[in-house]
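Each of the two complexes below includes subunit A, the first together with subunit B, the second together with subunit C.
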Partner chain A sequence: MSVKIEVIEGGIPHQKILIAGLVLAVIGLYLSYLNVIVGTQIFAFFGGLAAIAALIWGSHTIKILASYGIGTGVPSAGMIAFGSGVIAFLFATKFGLYAPIVAIILAAVIGAILGYLANEVLAMHIPVMIKSLTEMAVVGALTLMGFSAMISGSFTFSALTTGSTKVLGMSLPSYQTSYIGGALIATVFLLGAIAIQHGFNACLGPGWKQDRMLMLTAECGFLSMMVAAVMSAALISPAAAILSFIIGLLGWYYTYMKYIELSKRDAAAWLDMKPIPEVEGH
Partner chain B sequence: MDNIVFSIGITALAGALAAVAGAAENVESDIGSQGDPNSQVQLAPQMGYIHRIYNKAIAGEPPAWGLWIALGAGIAWAFMAMQINPILAIVLGAGLATFVQGVYSTTAYLGRTASLSKFGQPVYIDIIKSMTTVTMAHAFVAIFATVTLCHLMNAALGHPFPLPLLGLVWGIALGAAGSATGNPYYGKERQYQTQNFGAGVPISASGNIVRYAEAGERNSLDNGFFTAKLGGAAAGVCFGLIVFLELWRTVLFEKIGAGWGAIIVGVIIILVFTVIDRFIEVWARKNYGPYTKPEETSS
Partner chain C sequence: MSALGGAKPAGGSTGIAPIPAIISLVIFVIIFALMYRLGTPLAMTALIGIVIGGLLIGFGVHFVPVGGAPAAMGQAPGIATGVAMLAAGGGLAGLFGGAWAASQGTLVAVVTGAIGGGLMLAITCFFVNFVYIYGMGIPAASGKVKKDPITGDTQPEYKSQGTEGHGLPFVSFVGGVIGGLLGGAGGTLIYLMLLDVYQATLPGVMKATAVQIAPVAVSLAGMFAIGIFLVIAVLAAYNITGTIEGPHDPKFKRFPRALIASAVASALCGVAAILLVMV
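Then we have the complex of A and B:
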């Protein structure tokens, strides 16, 4: 049996965050598809922005799920989101233009099955389990797809599995130096899985505030985008990688400063080189 | 024959790198109170014990270290794909991964502490300034050593996995080794020095961690100094042995029985360690015994 231990008071309702995250992620993914239409790689950064939108939605879902004493650490939610999302994401990349839609549908099905297993077979009986795990799987698939589109320029299967190596000055197609062949997907998996859970894991406690948590998740997203942009330099044109990096850096700086401001607002005191304050009774 | 000698040399080098990585990883997580000791650091202010201990909760150690190492390896892989010298690529990868680790540390401390405002736990800016840099230094050593050993496996021993995937696997192994070996030493001994040895933590002592030092107030650097002596070394030996034995059995016995030789030797190693562990446990119980109540002496 589970007991709901915390409720969300005030703030933006979850439904709004869900719809905004889903819509923005899909729009971002399709804007990154402009690369294929126009025949350039400069729009790769839209993939990173799509991933950040999905991450913010996902971190709020974790908050809802973790309001019930589920008995595991918060990070496990990030792992299951990406573990179920990666299957849907890889399968969906075969569908070209329809990849984001296929990924959402397939991830939702996988998530619902996992939620059903957790609730009925493992008998956890948590009211929001099926809905939350469905959302988490979709978030995982969309985040992976976003960062993949950003690093390799496109979310289609052929783009993810072919790179090029220079041999004696000639450019040859190669599986080894591709996004999947080089297993950069392993790095992106953990970048996303840690970023999605860090917002709630770092801000949990009696003084939890929604705006602070969402700002932190955005910060983690932009930080991940920055390092993903560095990795993308190996696979896409330098101009596109530098553009992604600059957008990530600006977004990261803004959200980091904003997050410190919000922490200052919520902290009991903001001290520098001060001793432990005297508390009555100890 | 030359090939075997070369491979054993690489194995020894990888084991030595792993020992350095394990020790650095454990000291890093102890300074940040990550893993095992974290629950008590988190609990202390709620029980009224305001402290000046660094509290950087970034997931458990295995996933967090999985990310730092996979990130270092991924960036190093990308630079190597751009035809940059491997050593420079690994240094750049480790440097960027360390930057990410540092940013995550500061946000974790700020978030956790701000959420405890109800209990009067202040945010100490000087803690962020002085501890984060020290954890980053240790993290750099651990990330550089581990990515290097992954690169050795890939380039010198011909492991079929690409560098980032090896980074993910060995990063999780590194976090697990440090979390299981070194951290209990800090969580059980250092935090509860005021309790009798082996007494466990009774409910009444929950959150009553050691907060004052010989002179002044204790901070996490003291904890790092304390655990570097035994906890860090133990974690280093643990991870070093894992890497060394894993590569050793593969290098020597892989040719026997189409790979089955290495698997059988692996099972034998596990059995040998199970016997050793059991022997040590029985020996420790006999010598130190279960905790017994102090006998009431008539005064």
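Then we have the complex of A and C:
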């Protein structure tokens, strides 16, 4: 069962990706907190960038775990990452400014216990199981927190559950027009869960290349960021939502072109097919 | 590192390792002690309900005939996708069904959830066989048993050479429906337990009326239920390592250790979900 079928040759070592992903995600989350300090919503896009940093790290973790042949398909890894991540994230939101740190610690505890259950009780006996599930729970929590900060402008429990509606010119608190009350979190859950697993699911195989997979994950992340930016228009100021959308669009365009370039590099042959072939005789 | 494990016998090991089981029990007891110390009787009841829901999900996943990639090529029996996807499809359909009936009481809602999940899997199984038989032109045959345990139909004559069997024999179909029933009931039970806790405590935490916080309570309970559901479904999927034919498969005998894992995982996730509004 635990026969490692692929090894990572060359490329950036996993430890570096882990540290870079974790540090960038936490910095991004705290930069989005500038919103509260300065009293604006324009820095919401930092949350999206934090989520993408975490997703890239998570994608590489899935690669490490799935190279042992877990037998349940790659998407299941994304599901357990976000299933355990959402619990840590929601619990951590009540700690205000310390939410990202609490989320990391709690997600690591939940992930480690789940990894222990999978490895010892369920007799998987995969050497990286505990470490991978710990990392993935943290990634899930940080990604959800990043997109939450991007959509609602903050990552605290009161900000996520309380919105405001205008009735006859007066601004009233409304719990339905909020990130959690409006269940936007359910959409973000799947946006993240698909983005984290798609990179490896699409690039796996003997021709796997690290840079190509990570570029595809970044592309999926920016695509999710664009959707999240559209949803954020319901909760934050239009200027902040448009800024997030433009950053998402630029990032998506860059990573998409880069991904196509890397795919051409790794492909055996490349036929540049036109979308609609021209019929002769016209 | 046991990297050179080689091929395992059919069914793999089914036993429970004693030391991990004891450590799991200790974690389980610590979680309940923590809940007893910090929470109210309502929270304690909710945690027990969540663990029962988790056990139903973990047990139910083992019934669902999961074929994976080989089934997509007609080379193994089962539904051609992964465990996590099937459990999510059946269980979440049940959860959504049960959530509609939440106001009618726990029993009605749980039964509604079970019917929702069972119906979802019944429709899935029906169309799987429809596509196999009329689309791909292959009969349903099990590769693991000589006779269907329910109908008594013989299987080997219909099995193509070089395959593990194909399609969904009657016992797999029934297994799928039972799995959907259990998964839907478990998911709904977790949702209802959390909804009770949030409806009782959120008005105090958020300083608002019960009507105002209703969307937040529903959304939080739903998200936690989905999170717990997916965690348990994937752990159960790890236990059956990919594919299973249904309740007649030798791998089915592995379920006791999945029950241990489900109980600990649901208690762990449930305590975080409850303490969100308690501490």
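Throughout what follows, the second predicted complex is superposed on the first by the 270 of 282 C-alpha atoms of A that agree within 3 Å, B and C clash if a C-alpha of one lies under 4 Å from a C-alpha of the other, contacts with A are read in each partner's own complex, and residues count from 1 in each chain.
One rule holds for everything that comes next: a residue touches a chain if its C-beta (ideal position, glycine included) is under 8 Å from a C-beta of that chain, and two chains touch if they have at least 3 such contacts.
These numbers come from a predicted model, not from an experiment.
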For A:M170, select first, second, both or neither according to whether it touches subunit B, subunit C, the two together, or no partner.
neither
Tell me which touches more residues of subunit A here: subunit C or subunit B.
B
Please work out whether A:V86 is in contact with subunit B alone, subunit C alone, both, or neither, and reply first, second, both or neither.
second
Mind working out whether A:P75 is in touch with subunit B, subunit C, both or neither, as first, second, both or neither?
both
Between subunit B (first) and subunit C (second), which, if any, makes contact with A:E120: first, second, both or neither?
second
Using the superposition on chain A described above, determine whether A:A234 touches subunit B (first), subunit C (second), both, or neither.
first
Figure out whether A:A186 sits in contact with subunit B (first) or subunit C (second), or with both, or with neither.
both
Going by the contact rule set out at the top, does A:S263 touch subunit B (first), subunit C (second), both, or neither?
first
With both complexes overlaid on chain A, does A:E219 touch subunit B (first), subunit C (second), both or neither?
first
Contacts of subunit A common to subunit B and subunit C in the A-superposed view 73, 75, 79, 176, 181-183, 186, 189
Where on subunit C does subunit A make contact in their complex?
1-6, 8, 12-13, 16-17, 19-21, 23-24, 27, 68, 81-85, 88, 206, 208, 212-216, 219-220, 222-224, 226-231, 233-235, 237-239, 241-243, 257-258, 260-261, 264-265, 268-269, 272-273, 275-276
Mind listing the subunit B positions that touch subunit A in their complex?
42, 48-52, 57-60, 63-64, 66-67, 70-71, 73-75, 77-79, 81-83, 96-97, 100, 103-104, 107-108, 110-126, 161-165, 167-168, 211, 217
Complex contacts: residues of subunit A adjacent to subunit B:
73-75, 78-79, 163, 165-166, 176-177, 181-184, 186-191, 193-194, 197-198, 201-209, 212-213, 216, 219-220, 223, 227, 230-235, 256, 259-260, 262-264, 266-277, 279, 281-282
Sort out for me which residues of subunit A touch subunit C in the complex.
1-4, 70-73, 75-77, 79-80, 82-88, 90-91, 94, 106, 110, 113-114, 116-118, 120-125, 127, 158, 161-162, 173, 175-176, 178, 180-183, 185-186, 189
